[in-house]
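Next up, some structures in structure tokens.
Presented sequentially are two complexes of subunit A, the first with subunit B as partner and the second with subunit C.
On to the complex of A and B.
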């Protein structure tokens, strides 16, 4: 289908509607990022950059991050703007179906979690828990392009 | 604490303008101020805790500052900020929105070269290079930055005004079964699906197919 990108993790194939997610995020990026006044902290990119993740750990980190966004981010990002809310739920739905597929990869043992990815994800959670839930969720949502850029 | 009281109106519309990742900060002068306003600039890597001054853009009277080398790592995101000074008073620091070089740059059209036989034309396309600080630096094609980069190519028969469109992934295209002794004009555009980025179309390059032998 147009705009769906297939990510290959070992024998596992995970379709993600990247174009739709990107378009949805681009439409709300300025709005969401303007709600995040903290310049000096990042959830995803500091102190460790996603770009330094070993390829063998990519599947596990991707699964962790999709679970993180579904369970800890989208649900805490309701705004007073219905347009923004609609875009967020559309992105969330795309994440839900991709996460389901990634879960199947894990069950088929195609998504092994090495020590490094476990450590890296712990750091991401620590960054998240260093802020109150709403601020942390809004900051994480504002960093969605960091995740998408890394995935691609 | 010796803090200057800042009553000057703020610089306006502070933003990055980026082409092929040549990232230049631009702004408009504060409202109602004539000549004589000076500015200074700082920038920050998003997620890192400090603002960094740009010495080459300290006490300048122009309203732009090239931050390309400071923002050349496109795996990072950035903020930049400008402060104005006039007659001993100053404005607040005025910031950009978060700048992501990968998604927020514009891409130039590709370079197009064409050759012809009697019944076909061959087109070679070259994607622009990412900005680099000096000629000695290694050239990076935007093809390396955007692996999903494609080309949209338009071919126009000048006589019949018939136009074809092609979408190709590699950088060469041969258009066969053409009329001998006819002028064809070629124009091309870069298309990146995600992140969604499109260049404009290049200028038209016209060439005549050889006459029948």
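On to the complex of A and C.
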């Protein structure tokens, strides 16, 4: 079913339609990754994997990354393929819905940003800005499963 | 040019159990077959993608005046929808639905269920209502209403085993539909009771 995973950050509860997001991404993953010529470089995992993030920083990094995808990535991924565009729209709107809840967590001080998460996110932004915007956006979208795996 | 063909009117969404359909009034042109194309715009497109519109997956140049937009409305945000008529190279202006549609407002109906007694086994049969719905089934022994038990059914295969009943006792079942993505439930179905095989005489 449209599996919704409930993420608990302190007293904060963030429902994310993970099954719908994964289904949308799986449907376009090959198409998107074929548009990324530089497969040896990673935006989310360079130089450190997300899996090394301390649990206390998970909420902050999640909020940063959802904001990153909503603000910077999805808008530069429009393609000539309306099927792909529909799936990107589906993922983007799901991210927007989840990001809003994460924002509420931050307002309730349940999403504290430590030094590590701030540094980690700066590295991701540096990786992103090291490429031209379309390549960086397509690469980031192609790495969405890295984020989803880490979240789950 | 385009001005000859009027925009479709009376555009609205019918949404039940997370299945969403857009409908509109037909544009009548005597002796001609008018076709329609539908587009949608999520909150993301409005706020971050310059208000862009996206063609739906099922309704480009359709002759129908209803469109299944379930696959396109795939997030719990406010969507806008629009339709235009097309006749050959002539296109009408877009007709845009008044207001927004959010799938959180879908109407949820109780599931169709059938309680069964198979010897001592209490079973329930639930009608499949699509992948986004799951069911919360409540069951109890008649007369012991304070000891209601619950089972969540996500995948409707065929028959679901609920309990092993005491001989001759009567058990009751009711269920409601639940949608995780919008965190809402329907009202409960009518209660159904069945009796277990065997008598209730007490061995002295």
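Rule of thumb we're sticking to: the second predicted complex is superposed on the first by the 150 of 152 C-alpha atoms of A that agree within 3 Å, B and C clash if a C-alpha of one lies under 4 Å from a C-alpha of the other, contacts with A are read in each partner's own complex, and residues count from 1 in each chain.
What we mean here is this: a contact is a pair of C-beta atoms (placed from the backbone, for glycine too) under 8 Å apart; a residue touches a chain by one contact, two chains touch by 3 or more.
Bear in mind the structure is a predicted one, so any value in this text is a computation, not a measurement.
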item	value
Contacts of A:74 with subunit B and subunit C, given as first, second, both or neither	second
First (subunit B), second (subunit C), both or neither touched by A:46	first
Which of subunit B and subunit C A:3 touches, first, second, both or neither	both
A:134 touches, of subunit B and subunit C: first, second, both or neither?	neither
First (subunit B), second (subunit C), both or neither touched by A:22	first
Which superposed partner A:146 touches (first subunit B, second subunit C, both, neither)	first
Contacts of A:30 with subunit B and subunit C, given as first, second, both or neither	first
Partner chain in contact with A:82 - subunit B first, subunit C second, else both or neither	second
Contacts of A:97 with subunit B and subunit C, given as first, second, both or neither	second
Intersection of the subunit A residues that touch subunit B with those that touch subunit C	3
Touching residues on subunit A, where the partner in the complex is subunit B	3, 5, 18-19, 22-23, 26, 30, 33-34, 39-42, 45-46, 49, 51, 142, 145-146, 148-149, 152
Complex contacts: residues of subunit A adjacent to subunit C	1-4, 15, 17, 20, 24, 70-71, 74-75, 78, 82-83, 85-86, 89-90, 92-97
Residues of subunit B that touch subunit A when the two form their complex	44, 46-50, 75-77, 79, 97-98, 100, 102-103, 147-148, 193-196
Subunit C residues within the subunit A interface of the complex	18, 42-45, 47-49, 52, 54-57, 71-72, 74-77, 131-134, 154-155, 179-181, 183
